[in-house]
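The following pair of complexes shares a single chain, chain A, combined with chain B in the former and chain C in the latter.
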Partner chain A sequence: MVSIQDLSFSYKRKTVFKGLELNLQPGHIYGLLGRNGTGKSTLLRNIAGFLFPQSGRIDALGFEPRRRQPAFLQQVFLLPEEFYLPPIPITRWIEHTARFYPLFNIDQFYKYTTGFDIPMQGGMQEMSYGQQKKLLISFALAVNSPLLLMDEPTNGLDILSKSQFRKIMAGAVDEKKCILISTHQVKDLENLIDRILVIEEGRILFDQGIDSIAQRLSFTLSFDPEETARAFYSESSLKGNALVLPNTEGEDSRPDLEMLYKAIILEGEKISKHFKS
Partner chain B sequence: MNQTFSFRRWQMLVGSHWAEHRKRYLLALLAVGGLQAGWYSFLLLIDHFGPINLFIQYATFYCGLFLVGCFYASTIFSELGSKSRAIQYLSIPASHLEKLLCGVLFGVVLFFIAFTVVFYIVDIPMVSLANRIIANEHQHWPNTFLPIGSVGVLNLWNNEWAPIVDRKYHLFLFGYFAIQSIFLLGSVYFERWSFIKTVVAFLLFWGVFILYANKGIEQHLPEGWHSYDLTRWIHNGDNMVSASLVTLPSTMERILIFLMQYSLPPLFWIITYFRLKEKEV
Partner chain C sequence: MQFRESQSIYLQIADYVCEKILLKEWTEGERIPSVRELAVQLEVNPNTVMRTYEFLQQQEIIYNQRGIGFFTSANAIRQAANYRKQVFIEKELPQVFRSLYLLGMNPDELQPGYEQYRKQFFS
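Coming up: the complex of A and B.
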């Protein structure tokens, strides 16, 4: 669905990607993790055609994104972290925006807005930031685009809305759609994403499915110093040492995404080696 | 599906632009009408003999058209000045050509029609009021028996009261469309303060052009020859009697004037199109 080969991209003085390779397949929700400034949003905007690579090739749904052809824009929806909604009533906005997207489903849209408890009366400028974001998420999902890119979608949402977001997202994915979510809030996406991408120093440092992570790594709490010594990554807490260990028992353990992320960033080489072995 | 232009898609884009901006546009037109009425009322108060004459109407129309039209054109692609708005705008599934033509429709065609209609909506009753005041208060010019004739309404198409050169070529009108298209380009080119930056860029370009047309070109002329205007060069000789004038053939002059009249706006629209196509955010 999305194939990125040898992508290089720089802002004026700062190189962001150098030789980045990535493949995204339909039927998955990808979680794109990385430190601040590593290029998560830049990658999404390159895929959506809002930034142009200096070299390399991006193929998204058979299109070259930088050409921003209408048929491509109908099939890709980017939910940016900073977004804009015009100061007009919601119904007028829906009436004039939805018709650009042939797969937009109004019933789905109302189902999501009801789920998020968004008031549909009045202008969008009267809504809070969180309400506007939920409205845009509802719209993004109702567009039913095969490729959905979300940049920090849970920023600005309250606790109940985050839980509602996970519920709605879980119901929105199907085998034809590919969803790429860039986030710092890994906890918000637990049980939702099924593949983890970690971006570091201009390349994809880690790209594994949740099932594979559960098979190869074990996440546990332990006071055992021997076990702690074997861990790829450990963190002390009152309940014991939180550990990321090689899964030698073959038993699936539920991945702790925050621990996994820290382990990849701080001990990336060891983890990569373990997955290659 | 045609990826370059589809009338249906363009129609949807126009509808969506109108739905989003109509309140602002209608208020702006009301403000323009109000300013014109205020200006005419001021003239009625200070001049009891010949207020709102044809030259005043002509100057009011063109000053307003240039100022408001260029300012409005500089906001047509203002979405591109902010990251969040630019993403929303560029992600609308329409081609760059459709987006440009939507901007041209609102910024050039509809604005000109709406401005002209608002001008006459204010102009006609105000001129009639001025004529009534003259008829009721002063039938003659002060200290004479010369009657004060009634003032007519400006006819933009015969250009009767325009400066001489404009009567023939409508240069102000064509010049307006050319300059406005530069501001349209400025709205894509400059992310912030596009009106001011375009004014500065335009004045700099114009200054260099005038300098070249008057002084720069003289470097290439034989000694003693000077530029007279854009298409004529003069040699004064020892006295005015022996002055010589070289002028471009009239056909070439007409071609140049034709190009200046008709080619500049499309040229700048084409540049705007490529700039829009290459816009990154």
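Coming up: the complex of A and C.
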């Protein structure tokens, strides 16, 4: 659905990607993780055709995003982390914006805004940041684009709204749709993401499905020094050492995405080798 | 639903379904929530629920009627009890045995507590 080959991208002085490769398939929610400033948002914007690569190839839905053809743009939606909504009523904004997306469904939109408890009267600029965000999320999902890119979607949402967001996302997954979410809030999305991507030093360092992570790694608390010595990554806690270990149980574990992320960033080589073995 | 720390989510959802069946909230031969409905309710990826349903089909606890949906099987209670019993004996009981051993307790000492629990919650 999206295929990226040998992508290089730099801002004026800063090289962001060098030879980045990535393939995205429909039917999944991808979680894009990485340190601050590693280019998560830049990658989303390259895929959406908002930024143009210096070299390499991006194929998204059979189009080259940088050409910005309407037939492509109506099938992709990017929910940005920072956004601007004009000082007009919601209904007018919908009228103006929805017409660019042929699969937009107004009933679906109202179902989401009702679920999020968003007041539909009044101007959009009187809404709080969180309310505006929920409005945009409702729109992003009602657009029904086969390719949906979300940049830190849970930032600014209160606790009930996060739960509502997860319900909406669970209902939005379908075989023909590819969802890519960049996030630092892995706990918010832990049971929704089914493939993990970690970006580091200009390339994709890790790309694995949750199922294979659950098969290959186990996440446990232990006081056992031998077990700790076998771990790819460990950190001490009150309840013992939190460990990321090779899974030898023959039964799937429950991946702890925060621990996994730390293990990949700090011990990427070892982890990659383990998945190749 | 609050998920536990270490067990994989698809198996925890399998336990959830078994409980519904064993408590007779879902009766035998009844249609159960679709993959999507349960995914939305539990806030998990539908692929995870699909995996649970495939697993429960292998255990003959539920079955798929093509084009209509998933149903609990005619002897779902027995099948669910068999599966849960096996997990209880293999996975959960050793923890209890360990505590009994460490505390120097005899299994017979559990009887009155168990009776009281049953009266309190299931009579």
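Odds and ends about this structure:
Rule of thumb we're sticking to: the second predicted complex is superposed on the first by the 277 of 277 C-alpha atoms of A that agree within 3 Å, B and C clash if a C-alpha of one lies under 4 Å from a C-alpha of the other, contacts with A are read in each partner's own complex, and residues count from 1 in each chain.
Here is the rule we go by: a residue touches a chain if its C-beta (ideal position, glycine included) is under 8 Å from a C-beta of that chain, and two chains touch if they have at least 3 such contacts.
The model shown is predicted, which means the values in this text are computed figures rather than measured ones.
Taken together in the superposed arrangement on chain A, chain B and chain C fit without clashing.
Looking at the shared chain after the overlay, A:I58 reaches neither chain B nor chain C. In the superposition on chain A, A:P86 makes contact with chain B only, not with chain C.
In the superposed model, A:L78 lies in contact with chain B only, and not with chain C.
Across the overlaid complexes, the C-alpha centre of chain A sees chain B and chain C at an angle of 150°, to the nearest 10. Of the two partner chains placed by superposition, only chain C is touched by A:S163; chain B is not. In the superposition on chain A, A:R68 makes contact with chain B only, not with chain C.
Set side by side, chain B and chain C differ in how many residues of chain A they touch, and the one touching more is B. Once the two complexes are laid over each other on the shared chain, residue contacts for A:M259 go to neither chain B nor chain C. Of the two partner chains, chain C is the only one that A:V173 touches; chain B does not reach it. Judged by the touch definition given at the top, the superposed model places A:V16 against neither chain B nor chain C.
In this overlay, which is a superposition and not a single complex, chain B and chain C have their closest Cα atoms 28 Å apart.
Remark: chain C residues 3-11, 36, 39-48, 51 touch chain A in the complex.
On the side of chain A, the complex with chain C involves touching residues 27-29, 163, 166-167, 170-171, 173, 191-194, 211, 214, 219-220, 251-254.
The touching residues of chain A, counted against chain B in their complex, run 45, 48-52, 68-71, 73-74, 77-78, 80, 82-86, 88, 92-93, 95-97, 99-101. Interface residues of chain B facing chain A in the complex, by the touch rule stated above, are 1, 3, 6, 9, 12, 15-16, 19-20, 82-88, 90-96, 98, 277-278, 280-281.
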